[in-house]
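Take a look at the structures below.
Shared between the two complexes below is chain A, which pairs with chain B and chain C, respectively.
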Partner chain A sequence: MRIERRLEQPRWLSFAVPAAALVLATLLGGLVLLVTGHPPVKSFRRLFEAAFTANGALSATVVSATPLAFTGLCAAIAFRMNLFNIGGEGQLYGGAITGATAGLLLADTPSPVAIGAMVLAGAAGGALVAAIPGFLRAFLSTNEIITSLMLNYVVGLILTYLIFDTHSYLRDTKGFQAQVFPQGKTLPESATWPSWTIHGLALPLGFLLAVGLAAAVWALYARTRFGFEVQVIGDSARAARYAGMRTRRKILAVMCLSGALAGIGGASQDGDFRHQLDPRGLTAAGYGYAGIVIAALGRYNPVAVVVLAFGLGGLQNAGYTLQSADFPAGLVGVMQGLILFCALGGELFVRYRVRFERRAPKPAPVAPEPSR
Partner chain B sequence: MSASDARPQVQQEIVTAAPGGAAVTLRGITKRFPGVVANDHVEFEAAVGEVHALLGENGAGKTTLSNILTGLYRPDEGEILLYGEPLELHSPRDALDAGIAMVHQHFRLVEPFTVAENVLLADHRPATRSFLVRPREVERRVGELSRRYGLMVEPRARIWQLSLGEQQRVEILKALYQDAKVLILDEPTAVLTPQEAEALFETIRAMAADGRTVIFISHKLHEVKAVADRVTVLRGGKSIATVDAADATPRSLARLMVGREVEIARRVGDERAVGDVVLEVEGVSADGDRGTAALLDVSLSLRAGEIVAVAGVAGNGQRELAEAIAGVRPTRSGSVRAGGRRLRGGDPREAISAGIAYVPEDRLGVGLAPTLSIASNVVLKSYRRAPASRGPVLLLSRIRELAAGLMRRYDVRAPGPEVPTRLLSGGNLQKVVLAREFSSAPRVVVAASPTRGLDVSAIETVHDYLRQAAAGGVGVLLISEDLDEILALADRIVVMYEGAVVGERSAEGADVEELGLLMAGGEEKR
Partner chain C sequence: MNNSLLVVVIASGVGYGTPLLYAALGELVAERSGVLNLGVEGMMLVGAVMGFWTVQRVHVGSTAVLAAAIGVAALAAGAMALIHAFLVVTLRANQIVSGLALTIFAGAGGLSSYLGNDLNLSGSPARHQFTEPLPKSLQDLKIVGPILFGQSVLVYVSWLCVVLVALYLRWTRAGLNARAVGESPAAADAMGIDVARYRYVHTIVGGALAGVGGATFSLWLTPQWVDGLTEGAGWIAIALVIFAFWRPTFCLVGAYFFGALTALPFALQAHDVHISGDLIQTIPYSMTVVALVLVSTAVARRRLGAPAALGRPYVREER
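Moving on to the complex of A and B:
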């Protein structure tokens, strides 16, 4: 058996391999269920119902999908340039902090102004966090994987500090509940993001923003000079330099853009769903890391990211809904892990092909290119 | 290659019967690769206690021969004898076990490890293999060897802390630690300063005095004269002659190395109108990739409608010169003037806007983005302007049209402009690069080894494009190692050696032998 590089990657493979990975993950998940004494088919059906078909399930899925779409986009646009921004988590926290601050400060302004300011502040907060690894990478050649990952913990601790360890502007010190347990100030009415209901499906502003931004990112990458430069730099940094592209600036710009997307996701958490800065909820959710999984599964395509965020959001939503004694609580996590495992494993088959052949009696020496 | 077929067989003058008897003998070694005979019935013999130089131009077959001797390739024909016994090499391991070790041009060292650890790692001898590692013992022996052969290096130092010269000593120590009887050094002075090279020669002589055989691969004549006992010259895959180094002169060696029996096709004498100076390089110095000086005070000028060739053996600063002109490589001092102004060094965009087109040596990866389409690559430099874009928006259909038009004009054979460039053949890749560079209406074209690796018809096409460009008033700077190509195209020839310009000749009066001598550093700087 030999594994060799594919010279050409057929188009159908980039659809078939993720699909096959999904099927394989389901089968493996079923196996886990069988071994642990749960009926696989019934469990999966309940999972699907709770995620998509039950009453109100779809709306709840959209709620789960929204932050994942943002962090997925965040990871995808950086990965497109071979820039491994693992810091979506911290950038989302950053956006949540600045977004909540803007919402609280602008309590007396008309709602559209307050909401617009929150979106911008969230984007700025996320971009600011991402700018640190971006700058280090662009000008000091520091590995952005490490720096962006480590910053997740730094920003996470700042987030917790703002509510738990200090009487900051963001912390509620007056309310009855706040006396019992520290929590963030409730955002004013004007800073509550709207939501539209169509046929019983509630679509929050954040989700619509994510869809719009996905389309914008797609257009940016496919149709603009900026996107062209990103493609060239991602493909060959030396060719980009040869063509006179300003690679360093582009690295910084893409990191900031990537962080801004996660940051808007953070602001959407404040404005759409939590209505306060909620360190415990945000740090427990792990949106940033799930976003990396989604970006990888979607092969860094922004449209695919939104679709996958919806799917994975459904899985998470079902996980919350079905938490009970008779349902295997770990199933959702196991499924997520299996999907990632199979999808990344499947990448091998996109890039390489496996050839089975009988071993020759004596391996003929492979003549490499003459290096004369 | 084609010229070599027409060449009459050269009389082989082999000097045999060296004092210590033959250590390594190669008889009739032939190695064919698709489309090329890399070694053609090569005869070679190195004696015990001898320093034997293997001299030849790039592509003469030196590297293939050493790869055969170290078990990396198996010869298609011929046999290898070691101390008179036939030797079958199935792998590099067999060669090591037989006592043949090679010091490669690119070191094979584990950077975070110490000198002693690297030496130990390379030791495959079953006799010394043990589960337990005795670092002190290894360090002691390494220290002993390095004192004995003048290979000063601290056994406990880590590789990344060492200079290139020191790293090379570690490579030699690796060979000596395993008690190699035959050492092959592949262009060992390429990374050394003159002082380090002198020290290396001392080491080589000490090793030979101990009864080891040193095979010294080089294309630098003065080194060969300085260190070798005998010299075997390879040309076009054939062993041309083996001579005593003491009897040889740089001129006689150069003649053997580049000597041509066939008359070279000179540039067809259509006189082009030569115009104003379009490129002026003045006193440019720059560092190479490894941070050592690669360009030393280089000056040259180029007029409109003129083809100036930069001749030289690869690695003597030509690539760095091209990169410095194109703004890809920052300069230390000096100036590049084009388009009527002095260019800011290290800024490719500045060079592009001054009208300097650059055909880089490395087509795929530098000249082209491999996974992007032909269309994207065609606008790699012009995407900022109309007609490829309007404001920040790319006009994709215009780009496709542009690419399709250029593909027709430059005869790029591919199913369509959407095909990723990495799927194209070498000739088509180069046509895409040329199409882009020539269609940008340049004042200057810098072409670095534009025909390397191409087949005969593609070479002709590239030559035609270069001639047409010059006829259209473009100044062409052609960087090439191929004297045939240079004489076929150039009006003027500048020879580079070790980062400096060592001579300039007009094409008419140029003498191939003399050029070969200059390229090999065989004459004092003028």
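Moving on to the complex of A and C:
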């Protein structure tokens, strides 16, 4: 067996391989269920029903998909540049903190102003968190993988601290519930993000924003000079520098953009769904890490990210819905992991060609290259 | 004297630091051979749940079952590491994404939760747990008693592991080869070292150590099975490897320092000083960032930096 690099990657492969990975992951997941004594087909059918076909399931899936789309875009835009920002988690927290602050401060302004300010504040909060590893990487060449990962915890702990361990502006200390268990202040009416219902499917503003931003990211990479330069830097930083591109600024800019996307996702959590700063809910969800999974699955294509966020969001939503029943807990994580393993392994077949050939007993004469 | 703040914090810091130490040593072994494994958290949790399962379900003497539990934990976590090794060494996948996938697959909300629920493990205390084996008279010695002698066997074994890993990397041929694989796989390959095999073995051994770290929680510190009981210790362990500049002995110091920071808020509360545990907990992470910045200066990188080939797949034809 020989593995050799493909000179060209056929287009159909980038659809066929993820599809095959999905099938393989389903089979492996079924095997796990079978070994542990659960009926696989029935479990998967219930998973699918709870995610997509049950009454109101689609709307709930959109709710789960929204943050994943944001963190997926956050990872995709940076990974495209070979900039491994795995701090989407912390950047989302940052955006949630600043977004909620903006929403509370602007309680007496008209709703569009308050919402616009929340989006901007969320983007700024996320960008600020991402700027730290971005700056360190650009100017001190510090590995951004670990610094962005560490900041996830720093910002997560600050988030918890703001609500659980201090009398901050964001914490509610008056209400009955708030004295039983610490919680954030409820956002005012003006800071509640609108949602539109089409044929019974509720589409929150955050989801529509994510779709729009995915298109914007696609256009940025496919249609602008900035996007082109970023990809050149990603492929070969040295070549880019010789060509006169400003690599350091681009690294910082892409990190900030990436963080801003996750940050808007955080603001959307405040405005669309939770209506308060909710440390427990946010830290338990692990949106940032799932976003990286989605970005890798979608091969860093922003449009694919939104589609996949919908799929994985469905899985997560099903996990919540079925949690209490006699459904194997942890199956959702197992399935997500398996899908990712298979997709990662499948990547080999996109980039390389695997040839099976019988090992010749004697060194065979070298065949001439067929002329094209 | 033995109840004074400093002694309490250091003694419990050694306790809290022990799972970090095991996991960090494991990660260090893997990283020295050039494999970055971000799945530590997941491997620890699988180790914790399988170790606990052994103790609950296998009915033999206390010592035997605890030894078996550690073995099972190491095996289970090693199997998780094997997935990572297969993906990144054989299939040349991105090490970061693969490691994160491993944490999602095995960690809280994944396989460890699945096993914990399916094997019905939560809610009951461990039938056997590690205790402090040394005689009471030693434990009651001033200052050193609680810190050095009032610890579980797991602590003493972890010291042994530190020495073994340090000696292995420094003085044995295999250790030298492993470091060569981590620094320059092409040169190692030219010397006739099987790069893939070294990376497989070190990743799996690293995973096994992470599993022991996880079992330290479920069999000594906590001692029961709670979903996600490591609470991010795996990530601290990854930070610790950097913090220790990839040196086993520094890992020991760093682990106890990070452990002491966990213990500090509780101890202070007992002395009527209220300080936010959340904010203190940010210190290990912030310090790791600072340490990493220091390591990335040019001079330091030459003397104590990361293995040069860390995170890069090795493909012979593409050099």
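In the analysis below, the second predicted complex is superposed on the first by the 357 of 372 C-alpha atoms of A that agree within 3 Å, B and C clash if a C-alpha of one lies under 4 Å from a C-alpha of the other, contacts with A are read in each partner's own complex, and residues count from 1 in each chain.
Note that in this section contacts are C-beta pairs under 8 Å (C-beta built on N, C-alpha and C of every residue); 3 or more make two chains touch, one makes a residue touch a chain.
A quick note: this is a predicted structure, and the numbers were derived from the prediction, not measured.
When the two complexes are overlaid on their common chain A, residue A:I198 makes contact with neither chain B nor chain C. If you count the residues of chain A touched by chain B and by chain C, you find the higher number for C. Look at A:V35: by the touch rule set out above, it reaches neither chain B nor chain C. Once the two complexes are laid over each other on the shared chain, residue contacts for A:L331 go to chain C alone; chain B is not touched.
In the superposed pair of complexes, A:A243 makes contact with chain B only, with no contact to chain C. Shared-chain residue A:V232: touches chain B; no touch with chain C.
Of the two partner chains placed by superposition, A:V180 touches none, neither chain B nor chain C. On chain A, the patch touched by chain B and the patch touched by chain C do not overlap at any residue.
Chain A meets chain C in the complex at residues 4-5, 32, 36, 84, 86, 132, 136, 140-143, 145-147, 149-151, 153-154, 157-158, 160-161, 164-166, 286, 289-290, 292-293, 296, 319, 328-334, 336-338, 340-341, 344-345, 347-348, 352. Partner chain B is touched in their complex by these residues of chain A: 7-8, 223-229, 231-232, 235-236, 238-246, 365, 367, 369-372. Residues 33, 36, 38, 58-64, 67, 73-74, 326-328, 347-352, 358, 360, 362, 365-372, 376, 379-381, 383-384, 389, 392-394, 396, 423 of chain B touch chain A in their complex.
On chain C, the positions that touch chain A within their shared complex are 36, 38, 83, 87, 91-94, 96-98, 100-118, 232, 235, 238-239, 242, 276-279, 281-282, 285-286, 288-289, 292-293, 295-297, 306, 311, 317-318.
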